[in-house]
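Each of the next two complexes has subunit A plus one other chain: subunit B in the first, subunit C in the second.
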Partner chain A sequence: MSAPSLETTAAAPAPEAAAGPSPAAVAAVRSLHSRARRRLLTATLCLAAALALAMGVRVLLGHYTVTIPDFFAILGGETIPGASFIVMQEKLPRAVAGALAGAAFGAAGALFRRTLRNPLASPDIIGVTQGAAVAAVTVLAFGGVRGTGMAAAALIGGLVAIAIVLGFSMAGRSSAGAGSGGLAGALGGATFIVAGIAVASLCQAILSGAMLALSQHDLQAAAVWTAGSLNAVTWERIILLALIMIVLVPFAGLLHARLAPADLGGELAHGVGSRPGRTGLWSLVVGALLAAAATAATGPLAFVALLSTPLARGLTGGRPSLPAAALCGAVIVVIADFAAAEAFGGVRLPTGVLTGAAGAPLMLWLLIRSGRKA
Partner chain B sequence: MRPSLQRPSTEHPPPGTSTPGPPERRSAPPARRRPVTASPVLALPFLALPALVLVFACLAALAFGARHVDPGTTLEALGAFLTGRGDAAAADIDAAAALSRIPRTITAVLVGAALAVSGVALQGATRNPLGDAGLLGLTAGASLAVALGLGIGISAGLAGVMVLAILGTLVAAAVVYTVASAASRLGGGTGGTPGPLSLVLAGAAVTAGCTAVTSALLILSPAVLERFRFWTVGSVARSSLEDAAWLAPVIAVGILMVFVAAPGLDALALGDELAHGLGSHPERLRMVLLGATVLLTAAATALAGPVVFVGLLVPHALRRFRPASTRVLVLGCALWGAVLLVLADLAGRLVVAPQEIHVGVTTVVIGVPVLLLLLRRKAVSL
Partner chain C sequence: MTAEPAIRLRGATLAYGPHTVVGPERPVDLDVPAGQTTAIIGANGCGKSTLLKGLTRQLPLVSGSLEVLGRDVEGWNPRSYARTVALLPQSPVVPEGMTVEQLVDRGRHPHRGWFGARTAQDTAAIAQALELADLVGLAGRDVAELSGGQRQRAWLALVLAQQTPVVLLDEPTSYLDLSHQVELLDLVRDLPDPRSAGAGERPRATVVAVLHELNLAARSADHIIAMARGQVVAEGTPEEVLTPANLAGIYGLDADVVKDPLLGHPVVLPRTAANRAAAEKLGTGTAQLP
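This part shows the complex of A and B:
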């Protein structure tokens, strides 16, 4: 499944290649390789362009339209009464936060997807984002902690969630006999996913209960933490998220590349010298941190991490790519935020409500499709 | 005698694995069975104990809360209520406090019994140890349908809510079952029955989608929000006696359906072909069980909103005690389910005293650790 188009097209010249590496066959394979690479590059560039376009639309259009010259004037430091405030405090932060958080969710989803080899085991299904949200809400409600402290709590919450899920599924598997026990066996197995879903629903219940009990009339705050919303983003949060991402994204890229053999499956990957257990654990940690950092900024935006990876793979022709997944996530969040803010008359829906409603049918479709392939 | 705990080891590789090599060895360990000689617990004490506990739990639920009422006053108030002199007794403020807790206690009893029995039925019908109306997305579907109906403005009374809840449950069940069986038939080739993993995943997706749309409706329409706010989290705090009286017969019918079909559960647990061979009709049985599940889930959701994990917890806990027959198991589940929900509601009221934690939250907080333990002990084979 890692590169279906590559394999299916490669099947055509295979008979000649079997006789011996004829120059024509070598050339054919080489051109296929470069074609796949070119497709990846094209897809990534297209996604980047789409992101720029989506952000432009988010900032310039909508109920309050800003002209392009005005926008650049404002960016240049000029003050236009009314427009300056709306652009700098409302439209631009939402666009930037959406892009950053979406990219973090997308990268986390790609890492989880590659480590766990299961399109449904993404951080928002197995409780990482919900755990981060619970931790953030807890320190906010009981300690009044904001800013860095809240982000740190969210990171810890995400890590704790994944640790619980891993702990229970590993214990469950280790009794399953030789060969499949231990860390590598626990990753991505059925027990792992069910434990993750259980943790996710636990966190969700704690969140909604806490929301009902603690803030009777503060629906806006409730929406941020139960569904995920960009209503509460501030430049402070954006800078914090950006700093965390600058540290984590290089690691994510490195781990994603190192885990490439994992796409071959456990035993083959082992054969080519990859240690999926250790590297996989690190990649889960980095992925969980990325998802938790994004959650600290925007709340648990449902299904963004789940959907960006398969979408990106569709666009790149089946090649797994971390940048493409991150860009996909960013585009999804920016568009969903625009639609949530503008498409429902005067009411602003939380962004996560929109991604959740749109994502559920797609997840069902993914489930059917993965059943077909497994 | 332990239906659906150990499914015959049909292997479901995790979806999406593109392992080209030999399939991973994921065989279940030899089942940790109790010695066969252990005699099943006799039926009478098996049912008398929870009945007794339920009586005390209900009395405690009436007496304790934000305002504690002494036992004597509680009993007096209850007596006055039962003899129809409740209004007169309400003059005393302690008695009034106890009386005000009667509707929610009755509702908790009904909802707990309904959900626990629906869990037995669902686990038997789908041969899936993780059968729970909440986990499989049925309650979320019912909630969404009711919210939609309120949003359009078509539901007047409780009858409307009930019809909507049944419709929502049916649609959610159909979607989950279709998707899950498509995913599992195409994958494992085990015939029509979907595996627990695909059912749970489909249920999670349906829950997430329905919850998102429900909260969108709540935000878009303040009128719905007013009536529906507590419905996003299961709660018995606002229940009324009229609602409970109206839905009690529905729940009774649902439990009766499962009770009548119960002996077939053992046959069903052996698989369709064996069940056929034993002279039962698996399809008909499954229809009855699923119908009962829909009725019970819809009634419970109409009364209290989404309450999850009761259907998972109670049957699994009771099976450990080897009930004498499946019928005894069903009745025991009804009683212990009621106890669980009454106590969960009481605990939610006591822990953060003037405030309260809704029962929908409490059951999840109790249920998830139990589910994790079940997974850890491989009591649930996936």
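This part shows the complex of A and C:
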């Protein structure tokens, strides 16, 4: 190890440095690295265990409890009157849909967070989930489109929303004439968040208007599109979401890893040879598709994408991890759905109301923290 | 030391939109000597930082050519370029929840593949960078918790872990007190060229630093490039560049220049008209200065 800082000034050109690092320094770096990796692995495994536990609770417990042997018998194809229907058409689909949608929201949140370098830049804050919901409701209300068509509309809606936000924030950059203009500059800018919040509000207004055009029967399901709810999930929707996720989640993980230098800020990222512009654009597209696909299945479950990333970072010791964020999102939604259905006596709240109630204080906390740092 | 310059700029102009910042009167030609420390000085807004942005390829040249280590940068792959030229920006973003060791690890990015795991070479480079920056004891600390001076050293360690033969520093001493400024500049001045392995007399890396503090520049730099209004107005050794006539041209500053009694580099002593008048009254004019 070198001498205390102040004494190294003029005289010694540190000859030992030329011979390579000291064993002590190498050992220190090794142990820090393996400690960080262990922490990440432990956090991820704990989250996976928590998800399995939460799903088990969701399926087996509540007003209607199912024993474990019965549950496996039902999965095995046996029909137990009453229990079979409740497990296969109500409890299990909700648990699976909650886990999948939560994971999709969590992964989308992690991608947006890293690309846009802002804790508030989450697809549910900057209009992606709202855009997806507007598109889904619109085709339902005016075209009577359901199922796959509605999911496709939601994906397009999410992409259009992010394209509009991106367009506005890039236009804002180039007129300002700052040096770091273009895509890479726009991705790190606060303009992006502001434009996103504007688009989200606009979508919310259109959504309220479109609801008026829904028929009486569809109005029943309206809660899905305003707050987000697992009441309307079907196996068909679950399979569609699962298929989309099988394609997109590995891609999302790859993009998330590729964007690691972006954490250093635009200039330093450029200095280490990263050009986050194109990768960043891809990551916004993939993140928007994931969030929109989840929205198509469960509606815009408020704040799940926003909550997952800081929670996951807290658990991993600050290290950004897309799998951890996705697992966090899944755990949040499954628990929130169980609580919404079971914790308030006879009242069954839409799941999104609960995630929203939990997320609002967290968002305020993030706002205050980011304000203090600036 | 080779005669071949590390960086060769020919007929270069750099612009933000329609506004030409570097080379507004005539295109800039510039040679940065290899294996030496070069300081770029000049008044605020003279184009120093813009010139550095051109050298890092953050800002494309509007005209002219840029060669680094004898190779034209046109079409040079970004990661490969980042193994040759490193940049310490003026005020980097403080990353959230990242330890010093993790921050320095990011300097290895250009040396890795797509999903590159850490190699023994990476570990050695990180350890050596931490050691050079005197940060081994702080390696496990959160970057956001460090003091300004420690943080600056952490970013410097990231740049060192990049192990490039050319290092660019944009006002690296801005947030440091005087003793840390001296310490940091002495450290970068003595950086070895990573291309030369083994013991013995190692060639130094090529270091280019934008500096505001003239006396520090004179102390640390082998070569000084002075800019004014987007043009290079003087270049050479500190003795050649830091003359009263040049300082008047670069900064519009009236100054006396004396020799450091110990190290021999020029020291700039700024004067105002009031200083001159007071000195005149006492009968101690500039004539008495060495």
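Going forward, the second predicted complex is superposed on the first by the 343 of 374 C-alpha atoms of A that agree within 3 Å, B and C clash if a C-alpha of one lies under 4 Å from a C-alpha of the other, contacts with A are read in each partner's own complex, and residues count from 1 in each chain.
Keep this in mind: contacts are C-beta pairs under 8 Å (C-beta built on N, C-alpha and C of every residue); 3 or more make two chains touch, one makes a residue touch a chain.
Not measured: the values here are computed from a predicted model.
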Kindly classify A:V26 by the partners it touches after superposition: subunit B alone (first), subunit C alone (second), both, or neither? second
Partner chain in contact with A:A260 - subunit B first, subunit C second, else both or neither: second
Where does A:T226 make contact in the superposed view: on subunit B (first), on subunit C (second), on both, or on neither? first
Which partner does A:R117 contact after superposing on A: first (subunit B), second (subunit C), both, neither? both
Looking at A:A36 after the superposition, I want to know if it touches subunit B, subunit C, both of them or none. Which is it: first, second, both, neither? second
Subunit A residues touched by each partner, larger count belonging to subunit B or subunit C: B
First, second, both or neither for A:L311, with subunit B first and subunit C second: neither
Kindly classify A:S201 by the partners it touches after superposition: subunit B alone (first), subunit C alone (second), both, or neither? first
Please identify the positions on subunit A that touch both subunit B and subunit C, taking each partner from its own complex. 1-2, 117, 177-180, 263-268, 373
In their shared complex, subunit C is touched by residues of subunit A numbered 1-2, 5-6, 8-10, 13-14, 17-22, 24-26, 28-30, 32-33, 36, 117, 177-180, 254, 257-258, 260-261, 263-268, 270-275, 313, 317-319, 373
Mind pulling up the subunit C residues that touch subunit A in the complex? 16-17, 19, 50, 53, 56-59, 78-83, 86-89, 92-99, 101-103, 105-107, 109-110, 114-115, 118, 123-124, 126-128, 130-132, 134, 136-137, 139-140, 142, 155, 158-159, 162, 179-180, 182-183, 186-187, 190, 192, 199, 202
Quick check on the complex: what are the subunit A residues that touch subunit B? 1-2, 117-121, 125, 164, 168-169, 171-172, 175-180, 185, 188-191, 193-195, 197-202, 204-206, 208-209, 212-213, 219, 223, 226-227, 263-268, 302-303, 344, 347, 349-350, 352-357, 359-361, 363-364, 367-368, 370-374
Going by the contact rule set out above, which residues of subunit B touch subunit A in the complex? 12-22, 24-29, 130, 135, 175, 179-180, 182-188, 196-198, 200-202, 204-213, 215-216, 219-220, 229-230, 232-233, 308, 352, 355-358, 360-361, 364-365, 368, 371-372, 375-378, 380, 382
